[in-house]
Amino acid sequence: MPKLAVWKFASCDGCQLTFLDCEDELLAVAARVEIACFLEASSAPGPGPYDLSLVEGSITTPEDLERIRHVRRVSERLVTIGACATAGGIQALRDFADVKEFAAVVYARPDYIATLDRSTPIAAHVPVDFELRGCPPDRRQLLEVISAFLAGRRPEVPAHSVCVECKARGNACVMVAHGTPCLGPVTQAGCGALCPAFNRGCYGCFGPMESPNHASLNHWMRGLGMSTPELVRIYRTYHATTEPFRRAAEEAQRSGEEFGEEEE
Amino acid sequence: MTHKTVRIGALTRVEGEGALVVHARDGLITTLELRIYEPPRFFEAMLRGRAHTEPPDITARVCGICPVAYQMSACQAIEAACGAEVTGPLRDLRLLLYYGEWIESHALHVYLLHAPDFLGYDSGVAMAADHRDLVERGLELKKAGNELVAAIGGRPIHPVNVRVGGFYRVPSRRELAPAAERLRRARDHALATVAWVAGFDFPDVEHDYRFLALRHPGEYAILSGSIGSGDGRADPAGFAVADWPDHVTEEQVPHSTALHARLDGETGYLTGPLARYALNAARLSPLAREAAAAAGLGPVCRNPYRAIVVRAVEIVHACDEALRLLGGYAEPDRPWVPVEPRPGVGHGASEAPRGTLYHRYRLDEGGLVAEADIVPPTAQNQARIEADLRDLLAPRLGLPEDELALLSEKAIRNHDPCISCSAHFLDFRVSRG
Amino acid sequence: MIGGPHPMTPAPYRVRSRRPDRADTVTLTLEPVRGACPPFEPGQFTMLYAPGVGEIPVSISGRAGSGGYTQTIRAVGAVSAALCGKRPGDVVGLRGPYGQGWSLHAAAGLDVVVAAGGLGLAPLRPVVRALLRHRPGYGRISVIAGSRAPGLLLYSADLACWAGQGADVRVTVDHPDHAWRGPVGLVTDLIDRIVFEPRRTCAFVCGPEAMMCRTAAELVRRGVAPGRVELSLERNMKCAVARCGHCQLGPLFVCEDGPVLRYDRAAPMLAVPEL
Amino acid sequence: MFAGEGDAVDAVVIESLEPLVAGLRAEGYAVVGPVVRERVIRFEEVESADRLARGWTDVQEPGRYRLAEGDAEMVFSFAASPDSAKPYTQPPRQTLLRMRGEHIEEAGQDAPRVALLGLRACDLAAIAVQDRVFLGGRHPDPAYLRRRRALLLIAVNCAVPGGTCFCVSMHTGPKATTGFDLALTELAAPHRFVVETGGERGERIVAALPHRPATAGDLDAAAEVSRGAAERMGRHVDTEGIQERLSAHDSPRWAQVGARCLTCANCTMVCPTCFCSTVEDTTSFTDGTAERIERWDSCFTLGFSEVGGAPVRGSNAGRYRQWLTHKFSTWIDQFGMSGCVGCGRCITWCPVGIDVTEELANLP
């Protein structure tokens, strides 16, 4: 039976929990794969090597840097799950600040805290076989990835926009109909267009889609009343350091200056 | 002279990353450290400069196990800062959402993380090999909770439908109907769960806890109320959530990225199911009260191992109350109340499944967060867990180390510590000192 | 009256034999589990379905004696690898044959140049065999084939056999090894070496798009009529029955209007970037 | 034979929609009509005519849609909804087959009886386009045919064209002339509907309703509705020489629109004729059964044209050009008809307001 391991780095546990949330399939999966290492769910970690490792969380400490290399060594396939592991996660906002100052805000004795200046995705350190997006990832997509790896096929995880799912789900576009700013057009599908289904603009928790045109979207969202700081903030959340969202925030700052807009 | 070190490298079946190190010399424990090495994520620092609308989504990411708790405490703190309050049907909807998370989180803990300890398995999945029907019941229960959260919030983890002031869209009765259907079955499962776990073989241990939990005049407090504390014998003392900083202080310890909390200067109080039960049992739903009585829980339970029974009773309560609210559900006429940002400070507290979760925000002139402070339950419990462990280990230091390690791990799991959330606790005043 | 099976429903075919051609390429012989397999024209393709993995277009490289298709598949991705991994007795899904094949009839009495790059030889194999079966019906028959390396050459036995049956067979490689004595370089270079009368020549070309365009352009430069040069195009195909939209090239559905297209028709479209 | 292919009979007048809705429901149809949901007119199943979007209208511009209060009496005083008939003719997602061992089984595809109430002339034209795509080629789709046969089409002649409509240019409206079971024209003072039937099925339905013959006055008033709508059409496309204009593959205009285009695929998703699809393959965890699913796809995704690991159309400009040329030009080569019916949905629902009519006008 193939061996599965689940690993955690800096994260909220939500991605691993997504796995435990597959209530209907959990036992079926467990019948097909040996869940050999999953500290959150089992106290008997089996020995490696593992056929498939699911990795949650970003790299933020020197020890974790070592640990991820170990995980790579003992894993035949390594799949990262969630925004932290694929993009550094919300904690990567430290990249835009001084991490020592951050630590000083949170801890009275920041010198006790060993942390890196940046929160980096797993792929920045070791080769990754597949990256599953989402904060948290979608349950169906997680099962799809596991089943695709078992069947030896390409996971069916399209990189197109949220809008595709939004329309297939039968939502009316909230940006067009309500003037609600929405990152759907620049965000990768996967969630099933949840936010628009709840009358809310997508806030980009699945990260950038395959060909995001943030300049055009920013221009339009300004027309809907968004200010430069609002634009910057909306990109600086769970995928802030991915190249497209980083550039999108910078574009907003640049075009904001052109607009002659004052910073908040 | 004998030295002994017990080390549990990585705690398992807890949420997050932790380890335990115990040093003993001549039969006496010299150090006992519950090490939380969950890497720090600096939430309070990241929140500065964000809009007043953002903390519910951002702080949800503190913990994937109880995101709703974070969203609720955050919303209420910000609403308080802005002088707004969510009442009536919208508050009921929040409660419903919260009950969903309780059912999900408690079912996860009871069936997949905690029960295997009593039945002698390494995991829920391993337990399923011999007790498939039991694990399936647990999963069904968990799913009922998740579906309720998803029906209202969009998805079980990091729901998208929560906003300051209420919701982005309120679900229709029809959308909630399937969740209600499933809950009816879940309530029976929950009752069966109480009966099941009540029959476990519990070590005969009691601690003289000082409890802290939210209290509400009309409810077994989950969503809001004031803070109560006491030992379960005398009437509880209380203070308003806004007075939290005057009563609860935190200090950093070198061995952990989580901070230790003190209540009125005293270390080692307990929050969580035992605390809620001790301070609020009378407000459980009648069905949950009956179940508790049948399970042999008195008015107060001081045996941490029996927390699993209290959790099961709380699942009954959550199912029961959720069904009551669903039965009377009418779509609120507006999904949210306006919350205009204004400079000021607001406090919010709610009961996460594993204990009281407190948030405080100061908003600046521009409506942005100037300071944020989050006190999660596990940070509050850490000192108390260490004390439990001392009591447990001191008389047993002669046992082989792996046995000690096993005992300790079980004792830690009693408290369902969510270690990922312990990593960012902050008392802003302390940090500045 | 429209009825019968859905156009996207495959029929089960059993792998009768499997022959590895190269490290990454195998030829499968596929026979219908029930009934007979429909006739095909050289140049047509089928949609092969590896259950649960996916479905891809694959050219028919021959008819098996017993009434099946032979198909040569190179493992480049998940589906092709899954198909390559099938063993005799395994069942796959098959739809087709689909598409327009080579215009054999138009070659009657003419010199024929068959030019292949890499796996492009697969859909050309049945055309060469048909030409040679009716050898007297055509003028000179030349087969020129290119390969990245000698070890990657497809159908070496066939090539030798065709030479014996009166075709001028020439092979070139990009990266020769020590033992290689033949030409090195592009397929287009071989055009110099073969003999044909451009004005009375018909050419069938298959390989990577750039190779096809270069070869066709060279043939036309020599005086072959653009309308007598045919290419077989590769596009993304999900349905092969002109309903999924993926394979469009300008006005064409390559699955139905192709994959074999006349160069005079294809060239202007291939010249447009991203068409 | 589909509706609308027979001879029309004389028009009648009905005063209320309620008997129609009730009658259809009694015949086992789910009646799907325009209702207001989340401040948008959507097509949803209705249990009674009361639920319809009476009294509402809409304001449509490129990238902008707003619901507005209209004439309190009128039920259909708005233009095209974001919903067309497409989800009913071509579901967004459908299971094609299951395979286990050597057994391949076509998934039973539902063909529910649905009465679509309130379709517009452009929607009917779009259905005709899809009929051509799915039934008119060499490989007709029996599942499509079953779904199509189970649809009852009740058109409403547009009175209030939207700001983004251009059906007149595409010769598809505003009056429904063919392809319907019933066509209604809503008239005011007194409020009533002139009903035309498009075949035997429609006649049977009308016969069972309280009705009276239409007078010349009714018919004139109805004709006036369509005339007025044609005059107030929001947009226009010059179809003269359109194929030639769209052969300008190297126009700088493509790069300009490419810079605005989000490649989000909204236009293709809301378009009632866009039929592109892709397939997904899975195996079940429990018994290993393989399953194929067909779902909507779009020429705006990169995977759409991927060969050998790289897309043929990688740039925004290339993908936008594919969409526009396909709709207005190569569709004609492929199917002998335009792929655009002038409903304006792609203009309204483009999140950044790209306007096909403007793009077409700006080509050389």
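A few notes on this one:
Chains: A, B, C and D, in written order; residue numbering restarts at 1 for each.
Criterion: a contact is a pair of C-beta atoms (placed from the backbone, for glycine too) under 8 Å apart; a residue touches a chain by one contact, two chains touch by 3 or more.
Small disclaimer: the values here were computed from a predicted structure and weren't measured.
Chains A-B form the pair joined by the most contacting C-beta pairs. Chain centres defined as mean CA positions place A nearest to the mean of all protein CA atoms. Our note on geometry: chain A versus chain C, Cα centroid distance of 43 Å, whole angstroms.
Chain B and chain D have CA centres that are 51 Å apart. Taking each chain's centre as the mean of its C-alpha atoms, chain B lies 65 Å from chain C. If you average the CA atoms of chain C and of chain D, the two centres end up 40 Å from each other. Of all residues in chain C, those that touch two or more other chains are 52-54, 77. Residue numbers of chain D whose C-beta contacts span two or more other chains: 38, 281-283. Within chain B, the positions touching two or more other chains are listed as 169. Pairs of chains meeting the touch criterion: A-B, A-C, A-D, C-D. By the touch rule above, chain A contacts chain C in their complex via residues 151-154. Taken together, the chain A residues at the contact with chain D in this complex read 25, 28-29, 32, 143-144, 147, 151, 153, 156, 158-161, 163-164, 166-170, 172-173, 175-179, 182, 184-186, 199, 209-213, 215-217, 219-220. For chain C in complex with chain D, the touching residues are 2-12, 14, 33, 49, 51-55, 76-77, 91, 93, 234-236, 238-239, 241-246, 248, 250-251, 253, 256, 272-275. Within the complex, the chain B residues that touch chain A are 10-17, 37-46, 48, 50-51, 54, 57-58, 61-65, 67, 108, 112-113, 116, 122-126, 128, 132, 135-136, 139-140, 142-143, 146, 154-158, 160-161, 163, 167-169, 251-252, 254, 257, 259, 335, 366, 368, 409, 418, 420-421, 424-426, 428, 430-431, 433. Within the complex formed with chain A, the residues of chain D that make contact are 37-40, 42, 63-67, 82-83, 87, 92-93, 259-266, 269-270, 280-283, 285-286, 295-296, 298, 300-303, 316, 348-353.
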